[in-house]
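What follows is a pair of complexes built around chain A, which joins chain B in one and chain C in the other.
Entry: the complex of A and B
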């Protein structure tokens, strides 16, 4: 099967090369037939690459471990969903994914643009040339269809790191990659415009849907990555300014700048050159990001194995810069000739220019911080900057420097859409001031509402007055710093500005068309999607910045070791650690140590009787009442005991408990379950041996003990036929010294009961030990409120019952995710080409009364 | 005229901003050192924030009195060793043999007082540290006798 795949790859490579020749030749020689043929060939290539992908998917699904890629990234036990995600899991698969996605996009492009014009030929040609580059990589350097030379492949694969067996991590790479890949199309359009000598914004209009698609995919990739980090990694943040993260952020920054300049290019024919440069830079940065993540250039948390592709990407970037640079230089003056001049600074155009600069500055900041370790390694740079060693900067520096830049972005986002084109007017200044004040007031109102809502909950429970309770609730939280507060005010301003603009436009439209106000407001979105879609997107920005401000708040965080029934006070809430239980999940193949943490109103005592009932329900032995009761196993005969001991099924105290013993008196049962990191991987192999041993033990007692066990769920149940046997089974005996490490962890295998209704809430963070992994993973639990997230993680403490708890209160976190969602959905919605919009009949004068052309609303 | 003023203003702001950024990155920067450099570090680097990378030495991990404290040592490819002491939550993937990036300050006893540990994830879904050219060898040994050896 490998060979078949290889042949297809080679065929695809040849066909793509042919496409390039056809497209470029047809464009240069003005031969519509060649260009159309190139279009057909592009679609054929798409089909071919789809076939290649199917071959790989088949190899993965059929567990064809003679394929080296399949053997490295999958194993026979993997669930279906993660098998499919293994397609892009490794570098070779990711390369094939890149080729597949790009050719599918190119195929769609060819389907849509079927005129044989040279312009289309250039577009198809540049896209195909990029595709050819990746094909070359696949054919000559890094193919997913390699086999093993000396063996037929291992009988089982290596499987997946469980940290990555998470639905979010499964979808993050394709979105991220697709975002990068999709930027090829706008780049192709830009190149085509330059190559065909055109000097208009047609390429911007044509590429706009593709551009928006690419931007929304990239935003989705970044957001999903951040969400995964927040939920899975256990440090409470979502962006670590790691070099790989930064590399993906760079094209997003230039891409967002290009989004705004292109809008202006279409409308006002300004910033044409900026626009071209930005689109090119965005595409270049996607290649740079891929290069940076695959190379060992910068020390990063995300380490990839040393890739052979690194130098290829470097050469490709050089070629790209040379190509586009020369092209741009050749057409430079022509481009400037017809562009409009910037007449007034305080106009929309001026603000967009400032906005672009801000994004570019942000880009350089991120680039500088990321590359600094490498730059400062050279002694020339060290001499110039007065350093003795190479220097590195951490997240604190990034957060410190990017914060003011971010705030400027927020302020521009609010002010920009309110300012007229070409000339600023006094009216605009008044509007700006009024909306700013309104926004500030709105932010204050929201803050007060928040305090009231949390305070009323407390007040109801503790009986104190509302103001005092509200103050106490808010006091427990951290304040965002200066920039954070400014962000919040700025976000309020954005909302006020959007509402004002929309309201005014709706009022004017209603007056003209006679629609009712609400209907007018809604139809505005259809009538002018770019402007009002932009407003919606800016609302998403406001939400996101609220989240960033919250993240900037000195996060209240505590790391404490707790015994059962201990309390931890954080952010106005008490966390009561109830205890732990353990379970084994056969499907996921992990053992889990689960902590039960009760979030309880601060200062409120647990009601009388509640304490005992909670403890009993949780099944956790109370550390307060003395040491946990211990039970030791004894056997009917010394020989049986010795035999049992010899199987090394038990380990003594001082090491992690291997066995948990659950005693169920009603059924006269003792359950033995394995639970340890180091030894868990031995369970599947040796477990059936343990079963045999225990069965031998049962036989030795003449049947008064019965042993049942199941392979799928490694619990050995030993049941005594009568009370006497049960006593013997659980009574400490002379030979029991060797079993000192066996302890009763709980005596009832039940779930934690829910606490009295309306009070508190139980969070259950886990520690998972996967059979196939070498290290445990911490599963945090987050209670996401509208305003705050309560974040709890627990890892084993030193005592038998204690856990070390990490608790955090993260304010306004949901803003980031909601804001990102809004941005992604709005942009996707705008990307869909609506064709002819159904609008109300065009009225006599300027329709929506926009504050353009200097007309006062 | 307005445009010229604006251009000058913008240029000044950008330059000023650039200088501020570069300067701040120098002052809050953390020096990256190899273990060899850390071992022979001169006195003036004592107490300054450093970044060192290395592999955790097997058998060197000693947990402290609380779960938030431990001693360990890291080594580079040539076997040079650096002793470390860490106070804080221990990251999940931290284990012997893993490659770690440590941030901390050198004490006078040449021991690194670590403030932050970053463990490098083994290459995405792959067996840690197995180079591709050794796959055949590795898998052959691993699956000798028809079943998987640990």
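Entry: the complex of A and C
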């Protein structure tokens, strides 16, 4: 099958080359027949690449390990979803994915643009030429259809990196890649506009739906990647300023700037040059991001090792810069002459310019921070900059530098839409001031609420008065808190601005059409999707910034080593580490070491009657509430307490961790085996941990139990010294046990503390150990709420049964995800309907330069 | 099971290749043709 795939790849390469020749030839010689033939050929290429992809998918699904790619990234035990993920999971498949997506987009483009004009010819030509570059890579450097020279391949494949075995990771790469790829089309339109010598904004209008689609996909890629990092990587954040994350952010920054300049270009014929440059830079940065991922320049979680493609991407970037640079230089004057001048800085145009500059500055900051550590390795650079060694730029640096820029962005987002085109009016300034006050008020309310809630927490811990504690809590936030507060003010301002503008426009419309206000507001969105869709998108921005602001107030307790029944207090919640157990997942081929962590609101008392019912269930003499949710049971004697301890232990930890294999009453002996025997192969010190657990119980009973472990079979033998203890050890639990955890009370031998079952909420963070990977993964658990997330991750600690817990309280985290979702859906919604109208003649629009309907009163 | 998979993909690949061939023929047909005949 490899030969068949290879032949198709080569055919696709030839056909694409032919398409390039037809399209460029047709455009240059103004031959509609050639351009139309190029359109048909583009669609042929799309089908051909679809066939190639199907061949690879078949090889993956049918476990054809004679294919080197299939053998490297899949194995026969993988579930279907991750098998499909393998299509783009390795470099060669990702390359085919790139080729497939670009040719499908090009095919769709050819389908809607059939006018045979030279302009269309240039668009198709540039798109096909870009496709040809990736075809060259696939044919000559990195084909997914390589076989093995001497053998038919291994009996089973190597499988996928377990970090990627996550549903989010299944969808992050295709979104991210498709976002990169889709930027090719606006670039092709921009090039075509320059090549055909047009100085108008037609290319902006034509490429707008593609542009929005690309932006939406890229945003989705970044957001899904962030969500995956938050859930999977175990450090509690969603953005680590990893070089490859930054590389993916770069085109997003220039792309977002271009999104705004292009609106202005369409509406007011301004920023024509800016717009071309930004669209080109965005496309160039998508290639740069791909280059950075594959190069050995940076060490990153994302990097593909041993890529042969690096130099190709470098050459391609050089060619692109030369091509577009020359083209732009050639047309520069004409473009300037055709564009309208900025009449007043205090206008929509002026603010968009500021916005663009802020995005460009942010882009340079991120680029600088990403490349500086690498550049500063060179001794010449070190000498020039007066450095002693290579610079290490960490997340703290990025957060510190990017935060103020972000705040400016969010403030501009609020102000921009309220300022009319051409020049600001006093009325607009008044509206701005009024809405800004609303934003500040929102920030103030949040600040007060924060001070009270965090202050009362602090006061509870330290015993100081609420005002002092509240002030200390606010001061503790320092600079990030200041930026966070400004972000909240900005977000509030955005909401106030959007509501004001929308309400005003709806009232005007309702007065004219007689519609009800709500209906009028809805029809505005249909009538002017760019303006009101933009408003909706800005609400998404507001939500996201609330999430970013929440990051400033997050509470982190890192790497706290806990033994069973120890507690950790964080942000008003007590976390009680109940213990661990181990399970084996045959489908996923991994063993997991799970920690059971009970979350209990600090200070909350147990329900009435809990103590009494526990006393009755345990046979204790009396009981009293301990630190909730613990109950301290007092027994008649130390011996009775020890017996109860053994029973309770066997009914909680014992049941989680062991299977009773043999009970020998005549020797007062119980033989225990690990609950899931497979875990011994994967989890380090698994059996040792279990032996220690039973030895701990033996010690707690005052030596009335002896524990021996067999060397051959993984069996732990527990022998009781007397009949009472043996009875306690083997007492069956009636249904569900009444307790979740048990411990001895220090210095009080007649007492035992228990945590009743069914209290609070148990989070079970895991460490997963895979059969086919040396690196375990952390599976964090998050109790996610609208206002705050409680986040718990656990890794094995130093002691025999201890675990190292990382817990966080992340306020307003949901804003990041909800805001991203709004942004993605809104831009997608704006892209799609316009896209379907593309074949129709351009809708009648106000001629360029006409003022938009007044926003200010 | 694997037989069904093979047949399914054989049909899909053949379909895609047929569509590609059709578009290729249309491309060749468009060459040199008068403008109006194309896409009508």
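Here, the second predicted complex is superposed on the first by the 624 of 857 C-alpha atoms of A that agree within 3 Å, B and C clash if a C-alpha of one lies under 4 Å from a C-alpha of the other, contacts with A are read in each partner's own complex, and residues count from 1 in each chain.
We adopt the following convention: contacts are C-beta pairs under 8 Å (C-beta built on N, C-alpha and C of every residue); 3 or more make two chains touch, one makes a residue touch a chain.
Worth saying up front: this structure is predicted, and the values here are computed from it rather than measured.
Asks: Thinking of the overlay built on chain A, is A:796 touched by chain B (first), by chain C (second), by both, or by neither?
Replies: A:796 contacts chain B only, not chain C.
Asks: In the overlaid three-chain picture, which partner chain does A:57 touch, first (chain B) or second (chain C), both, or neither?
Replies: Touch status of A:57: second partner only.
Asks: For A:40, using the defined touch cut-off, is the partner it touches chain B, chain C, both, or neither? Pick first, second, both or neither.
Replies: Second partner only, chain C.
Asks: Under the stated touch criterion, name the partner, chain B or chain C, that contacts more residues in chain A.
Replies: Higher number of touched chain A residues: B.
Asks: Scan A:90 for contacts with chain B and chain C and give back first, second, both or neither.
Replies: first
Asks: If we overlay the two complexes on their shared chain A, which of chain B and chain C does A:111 touch? Say first, second, both or neither.
Replies: neither
Asks: Counting only touches as set out at the top, which of chain B and chain C does A:22 meet: first, second, both, neither?
Replies: After superposing on A, A:22 lies in contact with chain C but is clear of chain B.
Asks: Could you list which residues of chain A make contact with chain B in one structure and with chain C in the other?
Replies: none
Asks: Considering only the defined contacts, which chain C positions touch chain A in the complex?
Replies: Checking each residue of chain C against chain A gives 2, 5-6, 9, 12-13, 16-17, 19-24, 26-28, 30-33, 35, 38-39.
Asks: Going by the contact rule at the top, pick out the chain A residues touching chain B in the complex.
Replies: Answer in residue numbers: 68, 71-73, 86, 89-90, 148-151, 153-156, 158-161, 163-164, 234, 299-306, 342, 344-345, 350, 354, 357, 361, 364-365, 368-369, 372-373, 376, 385-394, 396-397, 400-401, 559, 561, 681, 774-778, 795-798, 804, 806.
Asks: In the complex, go through chain B and note every residue touching chain A.
Replies: 2-3, 6, 10, 14, 17-18, 21-22, 24-26, 28-33, 37, 45, 51, 53, 66-68, 88-95, 99, 101, 103, 118-127, 131-132, 135-136, 139-140, 142-143, 146-148, 150
Asks: Under the stated contact criterion, what part of chain A meets chain C in this complex?
Replies: Against chain C, the touching part of chain A is residues 15, 22, 32-34, 36-41, 43-48, 50-51, 54-55, 57-58, 61-62, 114, 116.
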